[in-house]
Amino acid sequence: MGANELLSVKQLSVKLHNNVILSDTHLTLNFGDILGLVGPSGCGKTTLLNTIAGFNTPSTGELNIKRNNSNSANLVVQENVLTITPFSHVEPQHRNIGMIFQDYALFPHLSVEKNICFGINKLPKSEQKSRMTDLLHLLKLTGLEARFPHQLSGGQQQRVAIARALAPQPTLLLLDEPFSNIDARLRNELMLEMRQILKQLKMSAIFVTHSKDEVFTFADKIAVMHKGSILQIGSPAEVCQSPNSWQVADFLQLGSWIPVKAINGQFQSAVGELPSTEDIDLEENTVKYKEYSPKLQLLLKSQAIEYYEGGFEKNNVQVDNISITEHGFHYLLSSIDRDLSLSFEQLSFYSNFLLTLGQRIAIKIKIHDYQVFDSYDDILG
Amino acid sequence: MQKITSIRKNLFLIFAGFIFISSSLQANDEVNVYSYRQAFLVKPLFDIFTEKTGIKVNVIFAKKGMAERLAREGKYSPADILLTTDISRLIELHDRDLLQAYSSKTLLDVIPRQYRATDNTWYALTTRVRNIYSAKRLGAIDINYEDLADTKYKGRICTRSGKHSYNIALVASMIAAHGEADTLTWLEKFKLNLARKPQGNDRGQVQAIHQNLCDIALGNSYYFGKMLVDEKQKLWADSVYINFPNQNNRGAHVNISGMGMAKYAPNNENAKALMEFLVSKDAQKLYAETNMEYPVRTDVMPSNLVASWGDFKADSLSLESIAKYRKEALKLIDKAKFDL
Amino acid sequence: MLFASLGSSSDLFSHLWQTVLPVYISNTLVLGVLVVFLSLVFGTFSAAFIVHTNVFGKKFLRWLLLLPLAMPAYLVAYLYTDMFDYAGPIQRTLRGWFDWQSPSDYWFFDIRTLPGAGIVISLVLFPYVYMLTRTALEQQDQNLLRAGRLLGLSATKSFLSVALPLARPAIAISASLVLMETLADFATVNYFAVNTLTTAVYDTWLGYDDLATANALASILMLLILFVVVAEQRARAGQNHQSNRPNQHIEIIKLSLFQQLFISGFCWILVLAGFLLPFALLVIMAVEYSNMAQLTNLVSPGLNSIEVSFYAATIVTFFALLLGLYHRLSIDKWRILPSSLVGIGYAVPGTVLAMALLASFGPLDHFINDIARTLQFKEPGLVLSGTIFAVVFAFVVRFSAIANGTISSGIKQIPHSVDLAPASLGVGVGQMLKKVHLPILRPSIFVAWLLVFVESMKELSAVLLLRPFNFDTLSIQIYQLISDEMLEQGALSAILIVLLGLLPIIWLNRSKELS
């Protein structure tokens, strides 16, 4: 385990009620990082979180968690590695992990004060008091100590949950869909605020979400999950620029898809052959992507589409939908010739040109670093 | 809305059904009996009555609240005859003015004066003695109720609740004989002699003697007979003697089972017929035999088993004059905290 | 009844007060506290172990622990006092083995005491606590317990400081049910020779012929019960935190082998003592004593029992449904009142209720007859108090609380948006109830019906006093035989009642499994 690593997950698989929920999962987390686990519902991200927290036991594999043994306020880490395998379970309460649940799980029978002090009630009263005061201040909850959870707004409840989880000074904070219950308008603001707090405390955190917006705003690193395993881990920029699979790009909605065929070292699409240059070795690409696969898809970002006045005979797409965004007009285009196996729909195209609904236009694909995926395979080698 | 009307219709039908059922009860060849005695104990007798006269007998049995029901029903009560298992219930019915007098010559002739009401509202059917059972291991003894307070029986006496009507009647007879103050002292000393808190029923006391928990117990005569004919309980009964107390003075305390005619008896004639029937020789014989009691008619012999316990002298004081101390008796039992 | 009590004689009251009443009152309180305490110990412990640990045989114990509900308390009381009495088979055998001669030779607990009564009554009533606590624990938001774990508590501690406090409202409701049953039960304490306030009610009524004072005493008892009911509703107010996310995985606390054996033993003892043993005794009696004649004797009382119980269950369920829906859909601020009032009926002892009904139906019957006469019709007789109408009415009053509870909790589980959705689709209230609420409520309705049916089959004192001529029910048959020390002859009827009582338990369990 590297010096900088707080958590490493190796070859983890988890079965619940005889269903394999996670298989062969690998993951590492460095100190101070915020990792976003993202993926469609049912992909196993909450199970991974629960396994790290200690609510599920692995059926194979190993988890290593460094634990902060000291209770001092500045989170100095004493090296103390917990190893969890199918044969050595460590109880949740000994992992020094904090968790914020989707519905916050505040104790309804306890006041805000008692909720926050729940995990530190063995400390001296004065210490409890000072930690609580700090947290109340940090999370702007001062004055609400005596309230009960049902007397708080959703945002306040979430902050109490955060304060409660932070009070025992965990090494790692787990957040299960932390923003799903928050008003959409407030969500972004709150995410930034929380990120700031976590960074201020140098807190490491893993959070689960199914929203790509949340993961890009909140996370330092993201891990995209699909059907019980992690497809890709990296910084948001890395993942965004070079997704390693069709599923990753598709889930994160990194662009539109148009089908392509690889013929003689060239890619063919409904809007013509993809232009090639010497810089881009198409030949290698076509071999890599199984020349005859019927399900090759090109990830096409709007900026790679060029609109040109080609004249009537060259019009190859028509405008199906128009909406207005802060970036100008957003058009959804479809290929005119629907019979071809390469025809496509719903191609996103942002532009300042004014087009009308049903209008037939001509587009070209600009030369760029093409990202072609085989949507037939689950994971690409 | 349609549903509601159909529900209403159904309710109406149910209601109409009730009326039909209840009016069918008013038919003429019937007589209705409110019984404190369990139905199956009187049924054989009623079957004979029905056979003889063609009059159907309907019975409800209840131990508690029968008088209350009768009073509430008032003049629309279907009740013709009341059957009770002890004197206190008869007195209660009489005091609440729920009975009517029936001065039949037959009844007056065969039932001794001390076992019927002076105003002819109720009559005894059978008598039973409040006996004292003693363990055979003590040998034959001669005992009075007064001896229950004797310190030589300390921790050796068993009884059912002091507030059971049989015991209340016994205490009332003690008041009649000795006055309230002496009876209270007697009760207090009696209580000190108890082997255990008053509990169970009369059979249970005999069982307790059999098990050597105590030597002396209070119990009605007929239970002894019933135990002797029960396979399991015969063993218990065989370990005790049945004693008739106070044979050298005022005589043993006797309680009765009895009958009276309801004040608003709708089937008046049938009721009279039933009452007459119940004191007929045959009925007396059968009724006394099924219940192991003494027939109230002196000219009818009890069953052989009951007769085998020998003749005895009964307290000659009229039951009416004993029963008037009933409430005082209960108060004294409370005062002595006999059951606690 | 309250009116009647106004005329009570103060003489008798002061006599009672000076002699036995203080002891009766203290007995009543001690018995109530004892039964509630023991039921809580039995019920919450077993529920906690069944839900949260890997105790042996929990799959079976889970529903076996409900079985004592099927046993009428008076039956168990009779069987146990008979068995553990000095003259009973247990002590006889012991004396036989050790050659003891008299009570002074050895010590054996006395079953006919307050503690004896407390234990036996608790054995029959604890399943109320078990059932409600178990349901509460199973429906709790498991994330709350997980939060406790991550804040440094062991699974056990997390259960104690989170799950248990959260189950408090359910536990409080069940405790008040147990208390009401205990205070209302005349027959059972009688077998134990324990004198309670109810004894005083009977004494004054039957011994002193003073119904007014009896009513006054009964009113004290009812005030006591009313107090409990109100306190319980207060305790519940504002505490509603069942999870709306069912089927969460519940963390199981792993017990050591010894602990598993010990706790499994504890639960088995409860099942054994509360159900299996008394039931086995009944079966033995039935085998030894029964014959064809008894079987045929069973038919008519059995049909009678089923008839009145059927009417009662149907009417009670119907009214409970009306009340529940009224409570849900009405905006009247007093809408809570009817269902609260109805709840009190459960706490009224059967005999007291019967007296009150006689007092109200009697005059009503007279009124009907008087009218009939003035209209020149044939007098209908006692159409109310002299028919099974009175019996059914008594059941309705007494058991409404059970059906109300079941149905209103079913109604609570329907989201409020469902009330609004049909209107948005242009469907009227009547259609909405018929097409939406009733189908959703069907399981609750069925359970309520069954529970009332079984309780009615068991009920004794009210039927005894209110039934019409030649009308025996199974419970009355048993009672008659018991009061003559001949339960052996009635064992078959008793078994029939118990078996019928098992029906709703099996059904409840089955519907739980399905959901």
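Details
So that you can tell them apart, the chains are marked A, B and C in the order they are listed, and the count of residues begins at 1 in each.
Methods note: a residue touches a chain if its C-beta (ideal position, glycine included) is under 8 Å from a C-beta of that chain, and two chains touch if they have at least 3 such contacts.
Keep in mind that what you see is a predicted model, and the values were worked out from it rather than measured.
Contact analysis places B-C first among chain pairs (by count of C-beta pairs in contact). Once CA atoms are averaged chain by chain and compared with the all-protein CA average, the nearest chain turns out to be C. Separating the CA-averaged centres of chain B and chain C is a span of 34 Å.
Measuring from the averaged C-alpha position of chain A to that of chain B gives a distance of 88 Å. Look at where the CA atoms of chain A average out and do the same for chain C: the two points lie 55 Å apart.
Taken together, the chain C residues at the contact with chain B in this complex read 15-16, 19-20, 23, 85-87, 91-92, 95, 101-103, 110, 112-113, 193, 195, 202-203, 205-209, 211, 351, 354-355, 358-359, 361-363, 365-366, 369, 378-389, 461, 464-472, 480, 483-485.
Across the interface of their complex, chain A is touched by residues 141, 143-144, 146-155, 162, 165-166, 168, 239, 241, 245, 249, 251 of chain C. Interface of chain A with chain C (complex): residues 16, 53-55, 91-93, 95, 97-99, 101-103, 105-109, 118-119, 122, 164-165, 167-168, 170. Considering their complex, residues 15, 18-19, 21-23, 25-26, 32, 38-40, 58-65, 68-69, 71-78, 92, 95-96, 161, 163, 168, 195-201, 203-204, 207-208, 210-213, 326-327, 330-331, 334-335, 337, 339-340 of chain B touch chain C.
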